[in-house]
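Chain IDs A, B, C and D follow the sequence of writing; residue 1 opens each chain.
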């Protein structure tokens, strides 16, 4: 059954997001139970039963009432308070998700097109646009407990970068750069998906996201780093 | 107006002066709102069936990915080679299923059929204010529907960018692989917009200007209120869609660049315009359903609607707030977070008037004498299911939670709980309720209840598990979920949903049989089979051309059920309250 | 409740009608229709505003591409036809049939002339290389702007927005002219009387609305 | 019409105003003002002209007050749409 619920959470904010989800689930669940149980009760309790008395006798009538201001005020105020509560609780996390990238976050360039991802990971210098950048198709390797800032760009249509285990989703819109950030908290392998219909191959855009420990990550970085450019050969780094 | 009015005694006498109209005038190019309503009914039930059939193909692919569907070989090698649905065809199915259901089934049912049928009858008018425009509003739907259906058969396949047609995907065959289908889609939506416009002008004018004496605003039945507000939403929202679609069309055929970023166009402009229309559209699809349900719950409970005035204000409140929430479809589009917060607040606030309506319906049933006829069962199911759709909406309104469930099956579950569990149950309720008035014969109760219970069970078995899919991260609109490892364990759930969906489709058979059988063999209905108060029940079934022999005089509100002073437990709006014996 | 006494009823064509807003149905319907037209042009004009000012998008100077004097004259034509329309309405409401017919003819002429000038403008622009998809490379306009050292950035969006907005306005004027011809024919047949001339007022509303939209479009598209 | 003879406003005077305002507009656009001054002036003039047409030619001046509700309903929506979407790129 575990598979039919949230994927295991693996990012710093996934737990907060899940808690918010559960909070809303409890609130709405309570309302749900009250309404459905009430409807069921009314249907059973107040259904018209065949009258046993003589056929000519007048049937009893329903209770004539046109409304009740007090009742209506109550069931206006309760939902109002609840939803405002939800909004207030949501908004702190929202700014954290959208604007809360730590200043030391390492940048990752994401260039997406139909139907593949291209990730540009910073090398040992932690910056993009230098010679030690590592670019991989459909593959992203990150270090655990390190914050990353994604800079998403699309070449053709709108795609959406979705890592279920991180609870992270951000559209990549052609013509602009959108940003998202995450900090992985568990070592392991995760799947990146495209969440926005982007054409016929939309369903087959999985990419691998590997979270490594600090030592493994350094080792990986060293092994994967592109060979240094030949000395004096133009030094193409644009980020100098 | 000093016009020469030879017949001052009502339209029935007026009609007598004309010769019997030809068959073509009477049933085909008719300007009678009742005939037009019935035309809309058949039209949209046809599209409901087609849209449902497309959904079956979709569910086959999701339930049994990659396996040949029995009988699907007839679709040809482009669509389903060897009976296996192809990816391009699949996305076309997803697009056209939503397009048919929203624009050609549910909307014409609610604001074509019920608005046309009920507004003049319920307000005591002989017809619409502009009968000829009304006729045009139906006949424009024919080319719109033909254009929409043509997408399925043209070379290159149907539109395949989703019903939301997000730019720049929808802009170019390079992106979708679709050549003519996307252009046909745009044209069809543009013609649809024109039809909707003519209808809405009519409804607004009719309701404002043609109410019978005594039918003051706060004696209007809630269905008319809902349709009035809906028409206002449509008149202001649909032109935005028309403008946006025309720009999309020009991008496709004139090579303009409104939505193409290469030279400065804005893909997000499409989303803003589309959802500025799209969110009011959601209320266009639900408000009339709420109105219909209000009528039927009051009737089935034999009680006045609880808090009539509040119900009216709630409709207005939903419609008003509905204009300020479109951004909640775009939280993950890279929107400014401050803008996101304001959209979140306005969105959750809509829950308040919605909750009022739900609790007021429950208040109506409280201490009633529930007459559980088929319309009433469907209306109660509406409340029960709409609540689920409304509550799941709060998850999406919460911006952080939306970040996870956006574009997953949670959304699919939500929209179906609102649009099927909500609108469609209300539509069924409405059809069972007003069928006797439309055709003069009752629908079969036994078949009706069979239809209701099987639909209700199969419906929940189909759509409730979709919440779980969404929570597990299952994206929507994907052809084969097995392309992702984390979705593979969900396959049994997907198969279960598909089997339930087939059952749901099959459960409509009793309805179809009932509908056509009752059309010819149903028990004659009489004037007022449901013992209801609306003015439409004071005239014969079906009502004659011109509706009322004499303009009715409305003496009280529409929900005087079980009044202590009356003999019967209902009191039509043109009947006076008996004087209190003691007074 | 006791609200029975409030509404007033009048008889039209044998049915009782409550004039909910004190406006007869034809006029009310036309205004409701115009509301939707406002939203339609909001989509187009809004798109123009957003595309041009929503970002730091470059944009050609319209006064250097478009013929302002010609269009100013055209604006004047449309305003004149609006005036002739109200004069026609005033004439019929005073029972002046001759005035009605003459002013209607003047209105048709004004509208038709406006469409004619717009067609001329379009032909001229297309000839000079201004197309819905942008300025043609090597076209007259492109050359002229480059020679003068003026920026041409954003010309693709400029072309798209210009033709879409003015085109749809022109389409509305053309429909208006057709309706106006029909109304004029009816006027010559004596269809409108001092007591009955709602048709003139209703079509007039549409006509003035199209004029009003042009006033906005002219300012935003040609002068900004 | 049933009731009182309609009193017509001085249409020709309105026409003169419209013509004059158009001339001022065109002149202002070509006078080489800075955009910061020019744009508000042009907006003012356009709204002025539009208002003249709506009030006098479309007889809004003579309609019942509550009828204005119908007429003005779309305007706030138009403003909301454009302003909110401009926010989007205004960050």
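Note that in this section a contact is a pair of C-beta atoms (placed from the backbone, for glycine too) under 8 Å apart; a residue touches a chain by one contact, two chains touch by 3 or more.
Remember, predicted model here, so these are calculated numbers, not experimental data.
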| item | value |
| --- | --- |
| Touch-connected components when subunit C is not counted | one piece |
| For subunit C, the least number of touch steps when starting out from subunit A | 2 |
| Busiest interface, counted in C-beta pairs | A-B |
| Whole-Å gap separating subunit A and subunit B, where each centre is the average of the chain's CA atoms | 31 |
| Subunit B-subunit D separation of Cα centroids, rounded to whole Å | 37 |
| Mean-CA-position distance for subunit D and subunit A (Å) | 46 |
| In subunit B, residues with contacts to at least two other chains | 1-2, 236, 240, 264-266, 268-269, 272-273 |
| In subunit C, residues with contacts to at least two other chains | 10, 21, 23, 28, 32, 35-36, 39, 42, 46, 50, 54-55, 195 |
| Touching two or more other chains - residues of subunit A | none |
| All chain pairs that touch each other | A-B, B-C, B-D, C-D |
| Subunit C - residues contacting subunit D, complex | 10, 21-23, 28, 31-32, 34-36, 38-39, 42, 46, 49-50, 53-55, 63, 68-69, 72, 75-76, 79-80, 82-83, 85-87, 90, 93-94, 195, 201, 204-205, 208-209, 211-212, 215-216, 218-220, 222-224 |
| Residue numbers on subunit D that touch subunit C, as the complex places them | 1-2, 5-6, 8, 11-12, 14-15, 18-19, 22-23, 25-26, 28-30, 39, 42-43, 45-46, 49-50, 53-54, 56-59, 63-64, 66-67, 70-71, 73-75, 77-78, 81-82, 85-86, 88-90 |
| Subunit B residues touching subunit C - in the complex, by the definition given at the top | 1-3, 5-11, 13-14, 125-126, 129-130, 133, 197, 200-202, 204-216, 218-219, 235-240, 242-244, 246-247, 250, 254-258, 263-266, 269, 272-273, 551, 556-557 |
| Of subunit B, residues touching subunit D in the complex | 1-2, 232, 236, 240, 268-269, 272-273, 276, 323-324, 327, 335-336, 338-339 |
| Footprint of subunit B on subunit A - complex, ascending | 3-7, 16-17, 20-21, 24-25, 27-28, 31-32, 35-36, 38-39, 42-43, 46-48, 59-68, 71-72, 75-76, 78-80, 83-84, 86-87, 90-91, 93-95, 97-99, 114, 156-158, 160, 162, 164-165, 167-171, 173-176, 178-179, 191, 193-204, 206 |
